[in-house]
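Input: one structure, supplied below.
Letters are used for the chains, namely A, B, C and D, taken in the order the chains are written, and counting of residues starts over at 1 for each.
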Amino acid sequence: MVVKVGIVGLGRLGKIHAENLSKKIYNCELIAATSIVDEELNWAQKELGVKYLYHDFDEMIANDEVDAIFIVSPSSFHPDQVVKALNKNKHVFSEKPLGLSVEDIQEILPVINSSSNKFMLGFMRRFDDSYRYAKEKVDAGEIGDITLIRCYSIDPSDGMKSFVNFAKNSNSGGIFSDMSIHDIDVIRWFLNSEDSGVNRVWSLGNNVAYPVLNDLNELETGAAMLQLTDDKIGMLVAGRNAAHGYHVETEIIGTKGTLRIAATPEKNLVQVMNSSGVVRPTSQNFPERFQQAFMSEEQYFIDAISNDTEIEIKAEDGLYATQVAIALQESYDSNEIINIKGGQ
Amino acid sequence: MVVKVGIVGLGRLGKIHAENLSKKIYNCELIAATSIVDEELNWAQKELGVKYLYHDFDEMIANDEVDAIFIVSPSSFHPDQVVKALNKNKHVFSEKPLGLSVEDIQEILPVINSSSNKFMLGFMRRFDDSYRYAKEKVDAGEIGDITLIRCYSIDPSDGMKSFVNFAKNSNSGGIFSDMSIHDIDVIRWFLNSEDSGVNRVWSLGNNVAYPVLNDLNELETGAAMLQLTDDKIGMLVAGRNAAHGYHVETEIIGTKGTLRIAATPEKNLVQVMNSSGVVRPTSQNFPERFQQAFMSEEQYFIDAISNDTEIEIKAEDGLYATQVAIALQESYDSNEIINIKGGQ
Amino acid sequence: MVVKVGIVGLGRLGKIHAENLSKKIYNCELIAATSIVDEELNWAQKELGVKYLYHDFDEMIANDEVDAIFIVSPSSFHPDQVVKALNKNKHVFSEKPLGLSVEDIQEILPVINSSSNKFMLGFMRRFDDSYRYAKEKVDAGEIGDITLIRCYSIDPSDGMKSFVNFAKNSNSGGIFSDMSIHDIDVIRWFLNSEDSGVNRVWSLGNNVAYPVLNDLNELETGAAMLQLTDDKIGMLVAGRNAAHGYHVETEIIGTKGTLRIAATPEKNLVQVMNSSGVVRPTSQNFPERFQQAFMSEEQYFIDAISNDTEIEIKAEDGLYATQVAIALQESYDSNEIINIKGGQ
Amino acid sequence: MVVKVGIVGLGRLGKIHAENLSKKIYNCELIAATSIVDEELNWAQKELGVKYLYHDFDEMIANDEVDAIFIVSPSSFHPDQVVKALNKNKHVFSEKPLGLSVEDIQEILPVINSSSNKFMLGFMRRFDDSYRYAKEKVDAGEIGDITLIRCYSIDPSDGMKSFVNFAKNSNSGGIFSDMSIHDIDVIRWFLNSEDSGVNRVWSLGNNVAYPVLNDLNELETGAAMLQLTDDKIGMLVAGRNAAHGYHVETEIIGTKGTLRIAATPEKNLVQVMNSSGVVRPTSQNFPERFQQAFMSEEQYFIDAISNDTEIEIKAEDGLYATQVAIALQESYDSNEIINIKGGQ
């Protein structure tokens, strides 16, 4: 069965999904796209041959030919669009976050969980080959019991100027919601947590190179320590100013060994020896680093529809990730430890 | 335009091509397959939905629906099948080698070169992201002029037993034709050679762990030194017994820097720290190592047909690679330096 | 001028100092040793040719031939022995910590600072070639302004059993005083802090593999986050259970780049490729990892005496390191943020 | 017993030996030095406190206080000075090569071997910690039987100009005698060869960046392939133009694993992440790379005298290394395979 997909949002990430769904995903056809930007719709039509083009999301989901919706719109639209699409009997893939507040997400959980359609949240790291390899090793007990997980999510310096401009006009949700949400999900995934998995958090932050961010209530660098279930420890660094590129790293320390995923974000298998020393070139941005992961998550979602198989990522995963991310921001704002509701 | 493809040969590599062409390549449909093994045809039908199944190559190329042929049959069939398919007005992708002897290849060159159809040889390393990155850097002058190229192609130890069995009944063509042919092409590619690029060669070899190979006239480890055009130097190691996996490495030494591609065959971005030390897991076989390269070469071929663009790899590339590989074997057999015809 | 040295304490670290001072340090002669263990004194006499052997520290410092004292006794003796030796007109090198409490150290600071003799504390990391290289790069501005420093100090698993036995009878001072004190000094050193450099701290810990440590009030793994001067961030991990060896790592994130020192504790320049993958062997213990640093700090101290040059490490460095370490433990005990006295 | 040493030659390497012998070697005193350069003698006197200074080697060896001689003079003087010193009842350490021709060395072998004094040749790589670690692993069978050894010895580019000037006035002996002689010894050492261990060789070379070297009969890059005993394979690269520093690398391929020593010449344990990517700084010259090896070989020689123990490196090791190096040059000059006398 070929799954016919409509997409909403054709920004940077939207274009990646759209192109993959059109050209690289098996049993999938991208037939519809919604955007308020005409250039984006033109691009979808010309480059990808998308048949149905909309300015209005509601019109797209009224199209009976469409089986599934990819939601890649601004975060504030996610809860509403998820509900509407499910109610129109579409399968739904939504980019993170599921919502901007815990309340918003809690409100739509019943709709998602009672729907007979598929729902999936775009925690693509779970589909990255390196993360999957590590998860298998951990689940197989190769590093014993986990004692500490450390996660870095640092955007490249060359995106800093555009971020400052963005932050002048928009609300990123803060660095922890914007950057660390994937890390929170990764921690919960490795620990097989059924709830947030977090008891208490403390966050710090600074703006050393870009003090202008102080006025915008944004952070260049954030960090947090998390007291997890069973006194396991989480450490997070989120940043927007990595000189060497896009640095997403995860370390899992266990009682019998330690795993590091992308300790350095090597772009490929090339080593350059020149007057700088021995150099490994690095991934420069998330599309480059997670190219394979995006394709794998898309294929996973399409296959789950085709084969009617269960999707591993639940709406609750989105709820807990957002709950913790918001607590991290609250801790930074107050410079105090925050207890997570439902934590031990 | 969707290109409709027929494939001949559904062994290990044939299955990889078939699956990619069915599921992962854009603008491509795999509609026909030829094999003498019924199980393989059943697999193609059930798993990939291939419509037309043949025991006979000639029947497949008589099918007018088929636009292009992938030749993944045993090497000795390549020249004949290439000619037949071109004569039936098909575009042709052939796995290496183009032929087992220089004469065989020279005989079919005029057919290939006078055909208006596309022809491409499966030198997939040219499509590997790491090799392409290195090629761009070299072409951009980042390491100055090339002085020496070193290439390793070493198969994993765990394939050794099956190779010994294979060698008892079949002729691999010798380790240099079997393993080093990609390396010869890589050297010519980096040097932008128009002819073989090689003047003189000397080859050595041994069977230390598997002396049984002596009787089979095969080598566990081969090595060669090549005097290239302008006194540049080539060094080759070919092997069948790498304990750590599938080791394909290329080093390019230049006057301003050195590049190494896959100095160690890292499987992914994971680092394991355990009682062994700090471990990088390694690729275990060619399908794993060159997964992306196979897909890229397939897409390149399909796009060349769709868009009628020129294919960078020429039949002559197959001719020169085979010419040098045969000279390497001849040198090993005689334990003397061999001069390459047409060398300076 | 040859400096004549007496040493107190001939345990594991004492023996390292004694052997270096005897055989490897220029302008230095080890002439005296104090221990309550006769075997250790016999070793010093036979292996190192030490002339004067004592059971009593006071007798050793009464020996007028002795110019300088190395204090490698149990930590609780440090303050008293430092004062006594200075009062006997000896130059003094003391292992860390300078004292077990802030008060103990504050009491002896005037004696140290008013003495005309040399005093040095054994923060040997400042003499490790890799740390020195990193410090020079940071001071030269190569990574811009520091935003975050992360330090790991993790002992090898194979010392765990003996630690459990030790902890049953003795007080290590807690993992933060025992293990993180070097990290605290490293942070202060990189930030050129004049005071503790730390405002607030929060510590966590767990005993996953060795729950027996719960009863002993010790930790297998500790972690802490530090709010430093100017909102810079410190992150610490201390542990006793690294499967791969002795893991001391420091990362310095700056606005223009990041430095990592010993991201993996490579033992030498050897790479092993075997069925495990690509393996870098690792340092197994502190004598192996810091062999060069111990010799350099010893030579530095002897040279400072010979040439009457100022010693970079001050008694205050010991005071602040202990102050922070104690706050870390206090935070762990209370599971609350602790404000450091004198912090902003 | 303290060994009293005299040194001849205070050039770059001579100064390293002199300083170590004065300050860092146990049971050793540098009391005499011979040089024709007054500045060098002044340096020895002032910086190292050397008592006896000579312009004439014969005078130095007539000094009865001197127990042992370090020969660090130009290579052509080595055989004569070795014999004279032994005849004056001195222990002798000689830098490589033992002589410029096989005949020269054969002539002095009886003198060396019949002397009751110690003799040692400066193959310092055998004392480098990384090489020793690898040797132990190989001897313990961890990589099975050796099939191939590859050695690189490449000097840094920044020495190129001074080499060109040197070559205009002097004879380096050719790149193989100058650079590869250590590699030949390393191969023989790993294979535990009793004779040269080499049957046939073929050498190539080029001058790509510095064609001026063509006229001087020197090479910027040399390479060779060696057919060793039992068909094992040797591959050598010698060069003078490494952009990234001083590159001495050895790879040992075995039937059960592969070892690489200094695959990249990491200077320390620091990793730099900046706009170039992830950078490991590299050793820039031989004093930096082999600092520890020089000290260990010196201490080994002094200890062998003190304790009257046998020295592992024999004069024959010098003979065979020179024999092969000369054959490599002869092969390059003739562009033909050269058979080594005494090879199988």
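Quick notes on this one:
The rule we apply is simple: a residue touches a chain if its C-beta (ideal position, glycine included) is under 8 Å from a C-beta of that chain, and two chains touch if they have at least 3 such contacts.
Everything numeric in this text was worked out from a predicted model, so none of it was measured.
A count of contacting C-beta pairs for B-D and for B-C identifies B-D as the more extensively joined pair. Matching A-B against the pairs in C-D, A-D or A-C identifies C-D as its interface repeat (over half of contact pairs the same by residue number).
For the pair chain B and chain D, the distance between C-alpha centroids works out to 42 Å. A straight line joining the Cα centres of chain B and chain C is 56 Å long.
In chain D, the positions touching at least two other chains are 143, 242-244, 256-258, 263-267, 271-275, 281. Those residues of chain A whose C-beta lies close enough to touch chain D in the complex are 242-245, 247, 264-267, 271-282. By the touch criterion given at the top, residues 22-24, 26, 129-130, 133-134, 137, 142-143, 256-263, 265-275, 281 of chain B touch chain A in their complex.
Chain A contributes residues 143-148, 150, 200, 202, 204-206, 208-209, 220-221, 223-225, 227, 230-233, 235, 237, 239, 241-244, 253, 255-258, 263-264, 335-337 to its touches with chain C in the complex.
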